[in-house]
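Take a look at the structures listed below.
Note that chain A is present in both complexes that follow, paired respectively with chain B and with chain C.
Now for the complex of A and B:
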């Protein structure tokens, strides 16, 4: 194994230009694949319409489900559609791709901290993806009359929670991505985790509606921390008074997963053999 | 015809061998498809167990619609959804090879690959239909069973014909995948009773992209709901769409001059 892979060069100082370039690259990649953007938008709009009418039909014969009114549920569901990229993850397929292309050596040789570099790329990609959600937001606001919170404190707490949650999910994603170093085909795993996260993250149903035996299990997953917690704070499903406790839990998750993800990567990367010049 | 069946059997064996070569990947993929479908089904189950009905439709009835849709789709998904790749075949010059071989180019495109997701949706849809059919007492009458078979066959043809039409646009625009994906995505509506959607969407799913005939209309008829003649139109819609699709394919094929310079 290449010695550079075992002991990658670490930056002596924060290389801001390098991180900025990585964030810019993410934006360019998005612009190149404009066709997929249009399709994603259509998919998202259709799913949003389906969700709204699905919930309206369910509330046709009941005033509340798990204590949530139709308006509260629709606010949650529409915000979940708009902020869907908060629950996305990508490193399983990214690491798998880098493995197959043999590009892992190049990444290792960059004068940047690998995890921090991926983190910045990840954040930039989520910001770009959130920008792409603008048409969905417009449909939610103009067609389905979504009312956004007016209290600046709610927005402040949401942004903080979204950032913490995203960081938690990134670390979890980083650990999962390491599976790619042990198998030749990791995309199936990525697809499987995506399927799991759809439900467990709260993207399909507000988690307060889950049965009593299932709710505590699901709430204690990185998916719920990354998606359900911020969306429930923004939509009012979780009141502002619960914010300190929820933010503390997210912080503790991050405190545990950040060093663990570094450790797992350091062990897993030793499996990699890059052949050729 | 016999020659094509024999040829397809050879292709099919080859694909199965390639699947079994990478068993780990296949098992992961099966788990993935089950988890994605499971997420939707779990959502329906969680919510519907707390409400009397979905605008008058009970949980087994909604699951029957869901099951009919994924089962109908899976019947053609396994064998024909590779046609979504027609655009990339044209772009990479691969399609030109199919034109010089002594077999029907459409058959060759369809036989060029299998859709693994369909292999999972097939048993899942079947389990849903059998499970809900038993709960709802559908199998007591042989007529209902025959009706279900015809409905599933019609739905499968509709899925194939829509895919054929959208993929054929590749002869004009090369990259047809986005068209296929955008049109196909409307099948999300057909997972639920169409009556919960506005009239515009009901019209779309009945007359423009008629996935409603693969799920909602047969289920509604079997549940004794009044959907009029639409309960019987599935086979006719499927036949018309198939003829239109194949004619459109021939028009596209005749104007094809290769994607190269």
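Now for the complex of A and C:
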């Protein structure tokens, strides 16, 4: 054996370069399929136009719904369209897919923390998806005259709230994804939760418009924490004065879900039954 | 000191029992029944540094399950595994830093991206020094002929190209132990040869320990001095390849091409038996402990006009066929 050829590799405990590179791969993969970018863009533009005309039709009979004017609702709806990727939900189907393909083994074989690796990939894919929403933002600004907040503090709390909310949703997604370790196929569950998250997260309707009995329930879901809270702060539906309380609630959600998701995954991964070659 | 220590290792899978048909599917849904299947049933062995060990067995014998327990992917149901002194499941990250794994039918590479992107990522994940990485990349690109493939997305590669790429990604961080689970499956002879050469070179130059599972006995003959044979979850042989070849390779076959029809051949020489007869072709098998090739040839030539004949050495395939057929359970002759 030639000792001169033996690697001087001394792996450090926290390999930030590795996680960053993983996030980079996620970004590159997203950009490979040009046609998917174009189709997504067309789909989002059509959905945005439909949403605007739907709300205009509703407001034709009334000046305000749940205390919100047409302009306030449209601002919320357009911002919700632009920042739609904040509420995306993906791990349930991904874990199921990886179970069926046997790809989970390769993920376990990387010298990285599995949850952190998924988290950075998840965050990177949301950032890329947000970038792909730029044409929707331009249409909202130029065609539908969306006015963005000028107060830097609003943007500051929005970014913080978006990051906290995204992390909350990731942990929740991670827990539900573990169902795939028991069922091997979680596609149906993923699809059902996706539909639920759109409504409950405030992607379709500002949650203040929901009936009094339903609103507190819906607001206390990870979907609302990830989507409704940041969008309501940015759109002004929730005033800046409510920001500290809303951010604290998001932080508490994260404090509870982060260790719980780790624990659930640690238990569920032991059930992985990748048999055979 | 052994790099892999396996003691009384077992893995039991819980399998759902379903009766056939729609009724059976509903029944299983309402009242599921399970049976336990021991994929690995109490095996023990050790592997020394820089060894190349062939791990063979029929489909479902428990090869891949063992590899998955050794790599930390599966949690054993019983027994103990230590890889470089660690528990591979509990110390997953530390273990992963020191090993490389190829699952022949699955890829660790990024399907949509160029090979070089995957290799760059692997180098960063394993914290390979950039200068060392460039050096290894040049070496691997040369040995595995990867230069023209570096900019090609994985999904556009042929099976052989993908496997060469996979090997580069597995070894670019210079792991101490490499598990190769059917690395040559479905590949043509030239690619197989190149891959075997590469594995041999890595073992000789870097002292890499290699555990190889394969159905291709050419891989075993070419690379392994020692084999482990697993059957129904139990280790039925652990020792030198040469020993089982000598024990089970006592038969030779001898093929004669004759001038006239072989129908006239009546007396099979002692210690031999007829394997097949064709119009002008006769194949005999003889036990070299009971007779010799010249005695068999003479007996045939006394009865037939022989144009040509050839003697075949025992191949590992026939040896393994005998072992899988239960020959190891019989006492040695």
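Here are a few things to note about the model shown:
Just so we're on the same page, the second predicted complex is superposed on the first by the 263 of 277 C-alpha atoms of A that agree within 3 Å, B and C clash if a C-alpha of one lies under 4 Å from a C-alpha of the other, contacts with A are read in each partner's own complex, and residues count from 1 in each chain.
Just so we're on the same page, contacts are C-beta pairs under 8 Å (C-beta built on N, C-alpha and C of every residue); 3 or more make two chains touch, one makes a residue touch a chain.
If you're wondering where the values come from, they're calculated on a predicted model, not measured in any experiment.
Of the two partner chains, neither chain B nor chain C is touched by A:147. In the superposition on chain A, A:245 makes contact with neither chain B nor chain C. In the superposition on chain A, A:103 makes contact with chain C only, while chain B stays out of contact range.
In the superposed model, A:17 lies in contact with chain C only, and not with chain B.
In the three-chain superposition model, chain A touches chain B and chain C at no common residue.
Those residues of chain C that touch chain A in the complex are listed here as 13-14, 39, 50, 59-60, 63-65, 68, 71-75, 92-94, 96-97, 99, 101, 103-108, 110, 112-113, 117, 120-121, 124-129, 132, 153, 173-174, 181-182, 204-207, 213. Contact residues on chain A toward chain C in their complex (touch as defined above): 1-2, 5-12, 15, 17-18, 20-22, 24-25, 28-29, 32-33, 101-106, 108-113, 270, 272-277. Looking at the complex, you find that chain B touches chain A at residues 22, 24-25, 28-29, 31-40, 42-43, 46-48, 50-57, 175, 177-178, 181-182, 185-186, 188-189, 191-193, 196-198, 201. The residues of chain A lying in touch with chain B in their complex are 35-36, 38-39, 42-43, 46-47, 49-50, 53-54, 56-62, 65-66, 183, 185, 188-189, 191-192, 194-196, 198-199, 204-205, 209-211.
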